[in-house]
Structure formats: C-alpha cells, structure tokens
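Given below, in the form of structure tokens, are the structures.
Each of the next two complexes has chain A plus one more chain, namely chain B in the first and chain C in the second.
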Partner chain A sequence: MKQKRLEATQGYIYILPSLILILSFSIIPIFMSGVFSFTEYNVMNSPKFVGLENYEKVLRDEYVRAALVNTLKYVLITVPIQTALSLTFAAFLAVKMQNKSGEFLRSVMFIPVIASAVTSGTIWRTILGTDGGILNSIIGIFGFDPVNWLGDSKTSLISICIVAIWKNVGYFLVIFYAGIMDIPKSLYEAARVDGANTYQQFFRITLPMLKPITSLVVTLGIIWSFQVFDLSYQMTGGGPGYSSVTIVMAIYNAAFKQYKMGYACAMAMLLLVIVLIINAVKQRVFGEKED
Partner chain B sequence: MNKKILAFLLVLVMVASMFAGCGASESAGNELTLWMAPMAGSDAEITDEEFWTEIGNEFGAANNCTVKVEIIPWDSYEEKYLTGVTSSDGPDVGWLYMEMFYDYIEMGALVDLDAHFTDAEKDNYLYYNLGNIQGGQYALPFIVGNPRIMLANMDILAQAGVEAIPTTWEELAAACDAVLANCPGVIPLVQDWGNPHYGSLNEIFWPYFWSAGGEIVDDAGNLTINSAEGLVATELLYDMAQKGYLGANATACDDVKVPFSNGEAAFVFMASGNALKLEGINWEYVTALQGPQDAETFVAADSLVMFESCENKELAAKLMKYLTSSDVMSRYHKTITDQPPITADEEYTGSEKYAGLFTDDAGMLRSLPVFKGASSMYDALYKNIQSMMLGELTPEEVLTKTTEYYDSNLK
Partner chain C sequence: MENKKWTVSSVLGLLLVIVFAITCIAPFIYMILMSFTKSTTLTLRMQDINFSDFSNFSHVFNKSGFFGALKNSIIVVCCSCFFNCVVASMAAYGFEKKRFPGREKIYNMYVATMMVPGQVTMIPVFIIMKKLGLLNTYFSLIVLIINAFGVLLIRSFMAGVPDELLEAAKVDGCPEHKIFINIVLPLIKPVLISLIVFTFVTSWNDFLWPLVSTTDSDMYTLTVALSLLKTQYGTNYGLIMAGAAVSFIFPFILYVFLQKQFVEGIALSGVKG
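On to the complex of A and B.
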C-alpha cells in the first residue's frame, strides 16, 4: 500500500512540469479570457465588469461579422483541399516512391512548413504581384490577362488560401505518410489475391485504415485555419476592403490597436465556442467516441 | 534508487527553470532601457542597433550607468510596447508615433516631461510645443520630417508636353490627361492602395483631405471626416481612379517606388527621405498641391517618451537630452536617416534639393492629431477607400461607414 502511494506520488511529480505548463499557458489563460470577456479592460487599468455588453457588441460589429465569414470561407477552402492533397501525395510517395527520390521529395515538401509566415508572405507577394508577378507572367504565356490576385476583393482570400495550402500540405503529408506505412502489408497482399486493383486497395483499405489519422489532420487543419492571422496580415493586411480580414486579425486589432482586451477576449471566447462546435460535428462525422 | 533521485532532481530543475523565465526583469536605478524604431535603410553604413548601442555606451560611460538598447520592428511595434509596458518589462525611454499617444496618456503610462527641461533647453528645441498633448508635455519631438511630397518624372512630363511640375489639383489633372494622351504605357499617378498598411493614407489621402480644408477631429475629439471638405477629397480620388489616372488597378500596387523608378509612372507621392534613394530618374518635387482651401501635406512627428515605470527619471531625462543633442542628432541624420534638425543648434546637412522644404514650405507641413482609436479609424478608412477603388463603395459611403464604425466601436 505504502509502495503504491509512493509510486503515485512519483507519478504526479513526473507530470508536474507539463501540468504547470498546460495550466499556466492554456487552462488559466482560457479561464481568464472568459472572465475578462465580461469586463472593460485596457490592461493598464483594473477591469470593470460590464456583463454581456462585449458579446452584444461583438454580434453587432460588422467588422467581426466580415471576419467571421472570411474565416469560415477560409476553413471551407483550405481544410478539404490540403487534406486531399496531402493524402494524395502521401499515398503516391508511399506506393510509388519508396526510394531516395521519395525521401528527397518529402523533405522538399516540408520546407514551406518550416518557413516563417513572414518569409512565405513576402515571397508569395512577389509571385502573386499583378504587374511582373511570376504567376501572372506564366498565365500570360497562355494568353490570359493578368489577375489582380491580392488587390481584388474577389481573389485576395483565395490567394491567401493557396499560400496556406502550400505551407501546410508538407506537414500533413508526413502524418499521412507515417499512417500509411503503419498499415499492415498483409491487408494489401490479401486484397491483391482477391483481385483488388490499386484504386480498390486505396478506397477499401488505405482510406478506412487512415480514419483516425484523417480525423487528426482535419482537426488540426480546422484549428489552424481558424487561427489564420500572419499570412493575411502580411500579404493583404485584411484588404482590400474587408475581403481578407480574419477573426484572429479582428481579435489582434481589438487587443493591440484599440487596447480593448475585454472585447478581444469576448471574440476569442466566441471563436473557442465555434471551434468546439465544429469539432463536435467533426467527431460525429468521423464516428468517434469519447474514451 | 540513484536513478530515482536523479529523475526527481531533474524534475525540480525543470520546474525551477520554468519559474525563472517568468520573472519580470528589474532595472536597477543606474540602468536604463531604451527602445528605438528602425530607420536605417538596408544599404546604410551601420544598423540602428549599432548606432544606438554606440550612443548608449557613450552616455553610460559619461554617467556611470548602463543603457540597454532594443530596436523594435515596425510590424510588431504597438503590441511590443503594449505587452512590454503592461508586464513591467517595457522601456524607460521609448519612441512613439502620434497614433499611439492617446491610449498611453489615458493609461497614465507616460511622464509629463516639462519639469525636466529648463527654459533654455525648451527654447533650443524647434518643435518642443508639438509634444504638448492632452494637456501635458508627454512627448519630446524627435523625428519631425520626412514630409510626403509629390514627385514628378520630368522626362515623362517633357514627353507629355507639360512644361512645369503641377502645383494645384487642376494642373495635376491636366498633366495626368496629357500623360495619358502622349505617353502610352505610363501610369499618370501611381498610388499604393494595395499596401497592407493604412500608413499609405499619409501620402495618398491626407494631403488631399487637408488641402480641401478637412479636419480629422474637432476640438472635442469627435471624428469630422464626414464633411463637405472630406467628400471633396474622397471624390477627387474616386474621379482620378475613374479617369484612369491611377492605372488599371490602383489596389494592385503595394510599392510605388518600383514603377516610378522604372519610369513607368509620371507622378508619385513619397516620403522625402525615400525620394533621395531614387536613382536614374530626373525628378522634381512639389511640397503640397494647392486644393480648394489650402496646400498641406503630412509630416512625421515621432517623439521620445519617458514611461512612469522608470526608476531614475532624472537619469532618463538626461538620456533624452543626450539623444536629442545636436551632436548625436547630426550623426544620426548623416548616417541613419536624412531628416531636418530638431534643435536650433544643429545645422541642416541634408540634401540641397530640400533647402526650402523645411523653411519656406514649413507652413504646409502638418501631423496627425492625437485622438482615441486613431489607428483603428485609419485602418477602417483605408479599407473603405480600397473598396471605393474597386467600385464597391461610393465616396459618400466611405465617409459615412467609417464615421459610423468609429462612433459605434472606437469612440
């Protein structure tokens, strides 16, 4: 009994550093944001309780509304495309390129992941430039007129989505690749014996076996997409007009430009609720059960 | 057993090191923290950090103290100050621009400097009174310059048959028509409405607005851009876009230097300091175009400030005086950024081209007012004008929507 208690104590001590980190940088800040969202607070002076006023204002604020709509569009565009692309590339590399070239390609595709958003944004501003941009020069070869990628409200958000997909695919590719390599080879051998072709093997074995991995990729993709800020801030500043303003940009502006921390916290709590709801829906879609 | 003890000790070290990182740094009375803004160009002889560290070391040696210098990048300027100041880890002496003042004064974070300067010292500063904001001397004007001027490519004007650089709105319109008619492929007036930051308003909106007679806020701090004068300025921009003066896509350009340097644009509004870096272009400038009411343009008025958290305010004031002394300033203006003097005892050593800019034309230069929610209002206005450039809003809607947004969210 004494030995058990000693082991339990040791266990708690071992998890203590992680627990303190999670409590300090995740749980307590979320709780504090929740509290501050009911206050008028500019950081320097004491918070003043204002009840639901911040939430009422957030729901009426057309800037926030535009940011929410843009962010939802961004999630709907980036998450499915980056998931499909990374799965496709991972499957291709796992099946067709189990060699040095495949390793090289995987490394190359991971480079955008480690590139900073500022660097990526700057490079892509050059690529997407209207006059003299690389992309417009390429499409010009095929006789198309130059597109005002970042300066037109119809294309600015899509341009940011393209860059985000380019940046994220490498990361999710590695996750999918590891998942595919974990699928027992015997399943494919049995399927081949039964006469299944490559596509049937992919849709009947690979995809179902990757369900937990796909769920993880979608979850991460949704969370990251809702947090989009730096690319938009760097590439368009949320413009032209409000066409590429995102919800985190709205939170940032409220907190650091307007010094309205309470208001920013209310937006952050709204974002938290939206992500939780979407995650719950996603769990239903993937048929996941809580352990 | 030894392994368990070792593991336990490791855990203790991790926990202790975590807490060690949480403490706020405390500056002793003889240590000052100085936060400065980056102004040196990429081709400058030395960096801002090298320059200010050298100056800090000189001051430290003379006053038996240490000056810790940090250069704050522009893209995270406001949040760095906010998080630094609120976490008691901010500077003793810092550098603020006009949009930042209101909130820091309201928060009580800035020191009223007046008592730290003698009358003789005050008289020596050319713009000392500009630092009197919201009833106190919270700022010591440090960079009063870099006015936004209109440049013309004189070779293009000659090709278009325009003999002299325009000085009024009407003359500019006539010159743009001449460029459109005679110089195919040349944009008459390039403006960077594709810039992600609202700072472009200083070049491409406020000069028109002020020259039309507009005022951004009234004495009570109410936003007054939605006025007849504001509409005249906004409609002027709208008309210029409609007539093709700004090129096919005004919102496509995020850096006016490129087309103007390449000889692809006849006119551009630009900071005077940046204009001096242009090479291979035969350019002349006009300080401000005469509008219906006036001829005015933007001039930067960034200032040094002292924060209330500073433990040794006397020493900090001494540092501010040293930083703004004619010796340091003339070195700064020569090596880092070409700006006019801020004290009477410093000689102007800048470009001959601007000999009259800071004297004869000084009355045309004005800075932004200090009011609540300034930067967010500018951002909203900028975005609404972008929408107008894309045909999504009318000039009236730009002003109405911005004012409504300001009144309901920022005021």
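On to the complex of A and C.
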C-alpha cells in the first residue's frame, strides 16, 4: 500500500513539469479562446460579452470569406499533387533504385523540407519576380511570355501552391518510402511467380498495403495546408488584393494588426472545428483507432 | 519488388525524378550565387558573382541586426532542445513506468492537444504573456516549443525499456532519481537524438509566434529578421539572399552530418503526431 502510494507520488512528480506547461499553454488557452470568441476584446480594456456577434460577423466578412476560399483552393491543389508525386517517386525509387544513387536522390529532395518556409518563400519570391526573374527567363527560352507570378491575382495563389508542393514532396516521400520498405517482400515474390508485372504489383500490393500511410499523408497534408501562413506572408503578404489571403493570415491580421482579439478567436475556433472535422472524417473513412 | 529492367516508361520516370531533384536543389544554389553579387536586378549575370566579396553578409550581420538575431535563434534553439528533452523524457518515464490514478486520462488529454492547431492557442497565450510582462523574453519563445509531441514520441520508445532492469536497480537500493538519470536516459538516447533534431528544426524555423511575440528588434529571431529584409531593402536581392543563406546554412550543415537522424526525427513527427 505504502509502496503504491510512493510510486504514484513519483509518477506525478515526473509528469508535473510537462503537465504545468501543457495546462497553461495548451489546454487552458483552448478554453480561453472559446470564451474570448464571444467577447469584444482589445487587450487594453476588459473583455465585453457580445454573444454570437463575432461569429455572425466572421461569416459575413468578405475578407474572411476570401481567406476561406483561398485556403480551400490551396488545400485542393497542394494535397492531391504532393501526395501523388511523393507516392510515385517513392514507388519508383523503391522499385528501381534501392541503391546509393536512390539514397542520394532522396536526400536531395529532402533539402527543401529543412529550410524554413520563410527562407523558401524569400528565395522563390526572387525566382518568380518580374523584370528578369529567373523563371520567366527560363520559360522565355521556350517562347512563353513572362508571367507576373506573384503580382497577378490570377496566379499568386497558384504560385504559392507550387512552392508548397516543392517543399512538401520530400517529406512525404520519406514517409511513403519507409512504408513501402515495410511491406513483406514475400508478397511481391508470390505476385511475380504468378506473372504480375510492375504496375499490377503496384496497384494490387503496394497501394492497398500503404492505405494507413496514405491516410496519414493525406490527413497531415490537409491539416497543415489549412494552417498555411509563412509562405504566403513572405511571398505575397496575402495580395494582390485578397487573392492569396489565408485563414491564419486573417486571424493574424485581426488579432495583431487590429487588436480585435475576440473576433480573431472566433476565426481560430472556426479553424479548430475544421481540423477536428478532418480528423473525425479520417477516422470514419479509414476506420482506424486512435493510437 | 525490385525490378532492374529499364523500359521506356521507367527511363521517363527516372528523368522525372532527376528533374524534380534538380528543382529541389537549384533554388539554394541560386541563393548562394546571388548572395555574392551586388545585384539590384533579378538577372543573375555570371560576371557579377564574386566569391571573395562578403560585403552582403557583413551588411546583414552588422546593419540589419542579423548578429543579434542569430544569437537569439541559437539561444532559443539550444534551450528548447534541452528543456524539451528533460521535460518530455521525465513525463514519458512517469506515464510509462509509474502507476498512478488518472494516468491514462491525463495521457489522453495530452494526445488530444496534438490535434489543436497552434494558432488556436496563440492568441490567449499572447494575452497571458502580455499580462505577465513576458513578451520579448527568451522564456516566451522557448516555452511554446515544448508540447505533448515529445512525450508521445518518447513514451512509445520507453515501452521498450525492460521493467525487470528498473526493478533490479531498485532492489539493489539505487535511488529513484539515479535510476532515471543513469539507467533510463542512456537507454533512450536514440529517441532523444531524434527529438533534438526535430525540436531544432521546428524552433529554428518557427515564424508566426516569434513574429507576434517579439516587438523589440533586439529579440527578433532569424526568421523574423529575414522576413523584414524585404521591406528594408526592396530590390537589393544580393543582400536579401545573403540573409536567406545565413538562416539556411545552420540546419543544412546539421543535416549533412546527421542525415539519418534528421530524416527519422522529422518523419517520426508525422507518423506519431
């Protein structure tokens, strides 16, 4: 009995530092965010309860609507392309290049992952620039007219998507590659004995066996994409007009440019609901237990 | 699954992979070349490149606050890595090896916090820090890096530490804190290295929180200082690229030396988080 109590005390002592941090900087703030979202609050004066007003305003706000639509477009463009590319590359490298050169290619493709979004955005902003930007020079060789990538509201969001895909493929490639390596070799041997070619092996064995990994890659991709901020802040600042504003940028502007904390919290709660829905859908569709 | 036959389509595949790999590295080469030019136009002319001219670098260090920003980033990153490892391994040990009432309930709460985007908690945390006068401190930059992820990561590894070993040490009269420091910590070293690498990259590349929580330019981290260069020096591309190169080179050097741990540490973050 005494032994048990001692062990419990020790347990609490070990988890205490992290518990304090998680409580004060994660759990309590979630509830505070919820409470603030029903108030008008500019940090200087005390919060004033306004009921559902913030939520009504959020839904009517054109800026927020643009941010929602842009973020949705961003998700719909980046996630399928980055998933398909990283899966294709991983499968190709696993089938054809399980050697030093394949390893080298994988480590090269991982380099954009370790660079910060701000660094990547800075470099790409220069590459995509008008007046002699290197990308326009390259497409000029092939006879295309220069494009004002970041300065035209038709192409600004797409340009950010392309950079995001460029940055993420290496990451998901590593995850897919590890997943493919975990598939038992005997499955492929049996398939080959039965005369299945590479494509049949890919669609009948690799793809079905990778289902949990794919679900992870897609869900992570969607959740991260909903939180995009750094890239568009650095590359376009949300412009021109509202053409590349994202949800998080709208939250940032409301909270830290206009000091409308309550309003920003209402948007943040909206983001939270979106992320929770994605997680719930993932669990429904892929029917897996919480780890 | 390996198939060494090279058909037309597999050659095309190889080409695609190589082209993509080149696009992955080319922007960084471009960045390095540009950082050695005095270019105020975007056109990169080979004759403008002068590798013995470090004036862009000395300019960002001395005039754009990169010296202070680099110092801040290094302090924040080192402290984040250290405290994250200490706090997370203690908690993981407590959760995995000690029985106490409410253990799994508290743990599930940790898991649940992983689903909440940082931007949701950021505003209340900003308000708390402001009220406590903690904005513009290393504390506020470091403390937010520590989250439940490290605990989750280490706990799954901690399960592999045999209970018998800990029991035997206890029977031998080894005091509790020594069991943790001298037996458990050495055994979980591989996962600690993964966590360090992961924490290093997240905290080095962290942007939104430093952007909102530092208003004093002496407290800017590298990412914030870099993002300000474009407003300071609109078209002085050589200078801006020098700034980008400074912020890139540290994680890159670490990546070159610790490649395996890097890929593992970062890939794990997805699999577990």
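One rule holds for everything that comes next: the second predicted complex is superposed on the first by the 249 of 291 C-alpha atoms of A that agree within 3 Å, B and C clash if a C-alpha of one lies under 4 Å from a C-alpha of the other, contacts with A are read in each partner's own complex, and residues count from 1 in each chain.
Here is the rule we go by: a residue touches a chain if its C-beta (ideal position, glycine included) is under 8 Å from a C-beta of that chain, and two chains touch if they have at least 3 such contacts.
No experiment lies behind these values; they were computed from the predicted model shown.
Asks: Specify the partner with more touching residues on chain A, choosing between chain B and chain C.
Replies: Here the partner covering more residues of chain A is C.
Asks: What is the contact status of A:Val69 with respect to chain B (first) and chain C (second): first, second, both, or neither?
Replies: neither
Asks: Is A:Ile81 contacted by the first partner chain B, the second partner chain C, both or neither?
Replies: neither
Asks: Under the stated touch criterion, which partner chain does A:Leu216 make contact with: chain B (first), chain C (second), both, or neither?
Replies: In the superposed model, A:Leu216 contacts chain C only, not chain B.
Asks: Output check: A:Pro17 vs chain B and chain C. Expected answer is one of first, second, both, neither. What do you get?
Replies: both
Asks: Who does A:Tyr233 touch here: chain B (first), chain C (second), both, or neither?
Replies: After superposition on chain A, A:Tyr233 lies in contact with both partners, chain B and chain C.
Asks: Which of the two partners, first being chain B and second being chain C, lies in contact with A:Ala196: first, second, both, or neither?
Replies: neither
Asks: For A:Pro112, is the partner it touches chain B (first), chain C (second), both, or none of the two (neither)?
Replies: Only chain C; A:Pro112 stays clear of chain B.
Asks: After superposition on the shared chain, which partner residues are touched by A:Lys257: those of chain B (first), chain C (second), both, or neither?
Replies: The answer is first: A:Lys257 touches chain B but not chain C.
Asks: Considering only touches as defined above, state whether A:Asp152 meets chain B (first), chain C (second), both or neither.
Replies: So A:Asp152 only meets chain B here.
Asks: If I apply the document's touch criterion, which positions on chain A are contacted by chain B in one structure and by chain C in the other?
Replies: 10, 13-14, 17, 21, 43, 118, 125, 129-131, 233-234, 252, 255-256
Asks: What residues of chain A sit close enough to touch chain B in their complex?
Replies: 10, 13-14, 16-17, 20-21, 42-45, 57, 60-63, 118, 125, 129-131, 148, 150-153, 233-242, 245, 252-253, 255-259
Asks: Taking the complex as given, what residues does chain A use to touch chain C?
Replies: Interface residues on the chain A side: 4, 7-15, 17-19, 21-22, 24-30, 32-33, 36, 43, 85, 88-89, 92-98, 105, 107-120, 122-127, 129-134, 137, 166, 169-171, 174-175, 178, 180, 183, 185, 188, 198, 201, 205-206, 216-217, 220, 223, 226-227, 229-230, 233-234, 248, 251-252, 255-256, 261, 264-265, 268-269, 271-272, 275-276, 279, 290-291.
Asks: Given the complex with chain A, which residues does chain B contribute to the contact?
Replies: It comes out as residues 4, 7-8, 11, 14-15, 18, 75, 78-79, 82, 85-86, 103, 106-109, 193-198, 249-254, 259, 373, 375-376, 379-380, 382-384, 386-387, 389-390, 392-393, 405, 408-410.
Asks: Going by the contact rule set out above, which residues of chain C touch chain A in the complex?
Replies: 1-4, 6, 10, 13-14, 16-18, 20-21, 23-25, 27-28, 30-31, 34, 41-44, 86-88, 90-91, 93-95, 98-101, 103, 106, 109-111, 113, 115-128, 130, 143-144, 146-148, 151, 176, 180, 201, 204-205, 207-208, 212, 223, 226-227, 229-230, 237, 240-241, 243-244, 247-248, 251-252, 255, 259, 262-263, 266-267, 270-273
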